[in-house]
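Paired with subunit B in one complex and with subunit C in the other, subunit A is shared by the two complexes that follow.
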Partner chain A sequence: MSEKTQATRRVLAEYTYEAPPVERGYTGQTLYVNLSDNTISAKPVTDVMKEKFIGGRGFGLWLLWHGVKDDTKWNDPENEIVISSGPIGGITQYPGSGKSLVVTISPLTDIVIDSNVGGHFGPLLKFAGWDGIEIQGKAEEEVIVVIDGVSGRVTIEEAPDAPVDTHLLGHWLIEQLAEKKEDRYFMSTVSAGSGAEHTRIGCLNFSLYDRKRKAPRFKQAGRGGIGTVFRDKRIKALVVRSGPVRGDSNHPADPERIARVGTRLHKEIHDYDDEQNRMRKRGTPYLVQIMDDYDLLPVHNFKFGSHSDTPKINGDVWEARFTQGLPDGCWYGCTMACSHAVDAYTVRTGPYKGQKVIVDGPEYETIAGVGSNCGIFNPDDILEINFYCDTYGIDTISFGTLTAFVMECYEAGILDKEKTGGLELTFGNGEAAIELLHQMGRGEGFGKIAGQGIRRMKEYFVSEYGADPQFLQDIGMEAKGLEYSEYVCKESLAQQGGYGLTNKGPQHDEAWLIFMDQVSNLLPTFEDKAEALHYFPMFRTWFGLVGHCKLPWNDIVPPDNRYTDEPAKIPEHVQNYVELFSAVTGREITKEDLIAQSEAVYNFQRVFNLRLGKGRREHDAIPYRSQGPVTVEEYESRAERYDQQLREILGLDPEGMSTQEKMAALRKYREEQYERLKDAVYERRGWTPDGVPKLETLKRLGIDFPEVVAVVQKHL
Partner chain B sequence: MKVLSYDPELCVGCYICEEVCSETWFKVTDGEKSSIRILDEGEGPLRAVYCVQCGECIAVCPTEALYRDRKGIVRLRKKLCVGCLSCVGFCPYLAMFIHSDQTEPFKCVSCGQCVEECPAEALAIVEVETARAPGVQV
Partner chain C sequence: MIRVNNRDEIEWEEGLTPAALLERMRYTFPHIIVTIDGEVVPPEEYATRPIPDGANVQLIHLIAGG
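On to the complex of A and B.
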């Protein structure tokens, strides 16, 4: 790349290669980089990998499994970060086809985390000759890794002048590495930021070059602290560069079939998005008002589900703030175009005060997390936090949920100004939340404690401040060590399972069943719930195997969808995926095969968790705040509903009972229900009552490899 | 700007326009490679589908491959096109076409070759201030 940069870049290791052509969605090789000994090599993609693990998260899990030991911790050198898109990733004709999947051992959960992220890195990595990149080891000094598919060169380099925070680093890398204007189009970077190194909630920013805004944009692999692992390895950035992307760069088996399916969805979005979710104008913030209307929007650390100030931060507000009329897809051809941005935002606090920046987002989760859940209903506060979370490399979901937890602890008297170093962290105090974030960026003060996440804060508050461990367990919205994403699931048992019975922790990307369960009452029995908690996690896992985004599946639906036999599945779109996979890879599949593909990888991940010492029934426990009212004020806020349940389900007369007695009776019932749900779901998934995949399940799925069986046998 | 205009009353359905278009731009006689399509829908008069240069496709193009030239005609820079077909699905007139021989879509650029060859004088190149729906006489 550019010669002007040589003065500030010292090459520590170099590997030359000739990028193989992509064939039917695969290059046939993955890139291995070890930062401890500066080795770089190519690994072949085996038939087993393609057959059983498909790509994306599947490839990531397979490579990680072989890279780590049973006792590997997140900050051990052998922990890896693996990034892979998937066979469909990189087609340009179907919306949502450019995702990257990242896996690593998480500093929050000590098990595998997987995160699905937009931006151009994954597809460009493939077009630079690699189905994935696997990074192991720890650098002695800060490095960047440059993968140049055009010159056929991979380098590990020191770049001491490169800034750390993403909004600066992204620009710097483009300035330094792009020789011509056009080079920017086909470059993408991965970076974290200063906050990622001081907390456990670090995220990764994946860039895309926005030609209309003439600037890089960033999408986040948010969950589970992957950015923290990235900074622990002393990586400032990964950079990939490929030749120009063309409509056939992915060399699919049947391009005509892809064009047919793709243009049909483009037209569907064109015709119906305005009357359905207005994703093209508002993006995911359209959900804010809907969640509030259904009492599902987290408010004050998930105590409540709605707030009178919600109209100040709902989709209408963001539609007015987002620049309209731009092709805001995070990969080519995504006409759902939900990657909106607020342009020319003037930063008002912290080290970048006064800079005019692009704020990528905010997405629904950010608005609900750092907004309503913290009682913050000022859109400018939300933007400020969104911007700094991204550039510091901090996950907005964990930040929002843990700040809400801190605020409740503050209001409950567990924390005070002395303990927080002067921050008055009450609900609604945007300035205090912003300063907490800056402390995370600097690695100072209470921000450093909070940045460890809710699970570790709970331990700390008990040991240091003598807090009541049961109360903290009840209100701390984390499971497996990961902070909850932003939906109130108290009144939906199925969604309690959708959060709790997951592989990585409470992130709604496995299942979002609240409407089916709570609103439409389509899942009345345990068997119904178990079936949904089998089908949807498996179906949604599939997006991460192939490089797809979930949103074009059900954030737009065909107008006749409601008349199909299973509207919740969006049958026409499921068929689109069957067509796409078959057309790209040349392997004809059915919709049942699609589930089977996911099931193999999903169960492999469960076994991986077992191998790392978790992954059993006890690890699927959830906090009571996600199941029912922890406090009197919560009970009273929905007293009518709860009293009715006591009367109708438990045959109790609430009239003669104190609120405490009513809460205890309701709690006993709801906790039992969750245990029964576990039984039903484990059985449906082919697991033992302890949540361990049975040998016959592994065999049926064709993942009964000796090393997998050996792990499971210890628990049978 | 100069746009194509079509008069269904005069059209005899000979499809010569489709042939001329594909010959002009693709050097083959193949209606599937024409940027004007004459549709016989059984009932009512024949209908023509072609670009009216409204430019709605420009906004959905993620690579700035689609642009309006100095004469107001919407054109595609093939070099910049990544073949995403967003424009195909978003064309309100369904006048952006694709063919399996290439990844980039194609459209009418008001070149007027079909007008020259139309035996029924059903086609014309006319000057308009703003784009209108196809089939509407100017």
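On to the complex of A and C.
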């Protein structure tokens, strides 16, 4: 490291090591850092960890389980942040192979949150000698943790000059820590920002160095307030440096097999992406118009599913704004390359007004969350919010969903200018939303209240403003304490379960079943829905165990997929994953093994929730806004649809019924359906009617460890 | 009349094709598999393959979501 670096940093603790070679996707050790007593050590990766927990989220859950107590809260020192990629993470021959998984106890949900993220940190951490990093304790002063795999040195350091907000800090760290130009290519940082320390919706930014733009870029581990935990531990940044990444850095058992599978997918992307989703040119924003077309795009706090102004923020708009012709992968070798950016955006508000910056994204979730859901259809407002959310370390999804909730409360008269400190938070007021965000960054005003998340705002509005608790429960789009991601699921019972029957809260990365259920009618029975709510959450959990991105699974589809028995599963790509895992680890698996691997980890996480006092049927409750129309305005906007359902499903004649009566009849039916869905899903997953994994399920999955059984037995 | 996705009764008209049906239903998702009475229709025939009156048509949408 450079003279300049040594002059501006004070080392509090140092640990030296010799990075072991990566063998078949694993280094065989994880890094433990305790910021309370400044200890640093290595822990072995055991056979149980590799066989039952695989890597990534699995390793995170296992290490966190052993690090915390039954009553640990998010801001207790023993809470941990664990980051791990997974055995496939770091290969460069198959698109989407560079993900990191982060777990901690969430300040929003008080249970475990897991969040996946691109960027280079997880794979470079492995190539620096570690399958994961486990951070416990709280520092007395602000620190950075530097893992230098080249020199074999881990340090905890005070860096008082380092800025906090990510877009500044990322540059600062490169300037300070990269000795040579080439060093920055194989460095990655993790940081949050000032908003993360003043709210419960903090995210983490994982960097990659963009060689073409000659600047760091950032991908977000957004969900659940992990950035808030990070700042509560007084961490400014984690930094990893490894030697150069090569095609065989992950030392797989059978590199030729990986190359064969990878070549096939690269060709599919090359040949078909332009006629399918255009991921290489517009990325996830392609979904905006499609969701609107199917009445699934959240508008005005999920009241509606479409809006006439959607063309102002759809994929065409973003394709024109994104800088084209640059390789926008967030890990080496990803030809899907969907990680787009708007370059040279001039910030127009706040502390960085006038700066020209790179805005990473916006992704679909951001556009739908801070855009349509808040009635904001101005692309520049969306970019401004996207930039500040990232640099402040705030999750765009939670920010969007909670701002939409605030706006509905404002329009319903629960809030007014006096209560918001002058902010006129009506739908469509982009300037007010931006100022709300700055208040979160400063920890001031109404932004500080809103930043606590919807669940705590509901309690506050009831106790302080006398708001109707039932109305707030109905319109507050959170479950388990986590804000919903950005899809309207009123007409898909399966997706209501896809959000509600999750381990961490309503994030669609477990299951997205709306088309299968609502549109294609492929899941007509409760058993069909339960099977889908078993298979897809288990399948998608697997990406987080191995370090893989979900997008290359189904955002490119082989042309002969239509002739397969189960086209929704994309069987050819499932087989690719079987091949990849077998080829990397040398452990031959089948597609059934893949599900079994996930099922063990998934059930372990459910038991973890039980251990922390949640994880039962009552905790799988969802707000009625996600199930049906809460207000007369909503019902009447889709009256033909709802009246038809009353006639055809309930045998009622809507003529002569008031809208309130029709809403009540529909609500009773839909809420009963959700409870029946819970019964079917719990049974399929091998759980009791209270949502507790049965002992026989734990035994079948091989996770009947004494401490796990002891937790479950309390609830049987 | 044709039946779509084992649920929706849709008025049939002479010359109805999968492409016209998708447009009428405003189904814009790029990954839609069309079957007519159980037979998969290749995409290159969406604009030309006639849908017979009384057909059972499936418009299968694959999974989306970020």
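We take it that the second predicted complex is superposed on the first by the 716 of 716 C-alpha atoms of A that agree within 3 Å, B and C clash if a C-alpha of one lies under 4 Å from a C-alpha of the other, contacts with A are read in each partner's own complex, and residues count from 1 in each chain.
Here is the rule we use: a contact is a pair of C-beta atoms (placed from the backbone, for glycine too) under 8 Å apart; a residue touches a chain by one contact, two chains touch by 3 or more.
All of these numbers come straight from a predicted model, not from anything done at the bench.
One of subunit B and subunit C touches more residues of subunit A, and that partner is C. In the superposition on chain A, A:524 makes contact with subunit C only, while subunit B stays out of contact range.
When the shared chain is aligned, no partner comes close enough to touch A:131: not subunit B, not subunit C. In the superposition on chain A, A:262 makes contact with subunit B only, not with subunit C.
Of the two partner chains placed around the shared chain by superposition, subunit C is the only one that A:512 touches, whereas subunit B remains out of contact.
When the two complexes are overlaid on their common chain A, residue A:273 makes contact with neither subunit B nor subunit C. In the superposed pair of complexes, A:381 makes contact with neither subunit B nor subunit C. Contacts of A:390 after superposition on the shared chain: neither subunit B nor subunit C is touched.
In the superposition on chain A, contact of A:478 is made with neither subunit B nor subunit C.
In the superposed model, A:491 lies in contact with neither subunit B nor subunit C. Interface residues of subunit C, counted against subunit A in their complex, comprise 5-7, 26-31, 33, 40, 58-66. Considering their complex, residues 59-64, 81-86, 88-90, 98, 100, 103-104 of subunit B touch subunit A. Residues of subunit A touching subunit B in their complex: 92-93, 185, 211-212, 245-248, 255-256, 259, 262-270, 325-327, 329, 332-333, 335.
Within the complex formed with subunit C, the subunit A residues making contact are 275-277, 284, 287, 289-290, 293-294, 363-365, 485, 487, 508, 512-516, 519-522, 524, 536, 551, 554, 557, 561-563, 567-568, 570.
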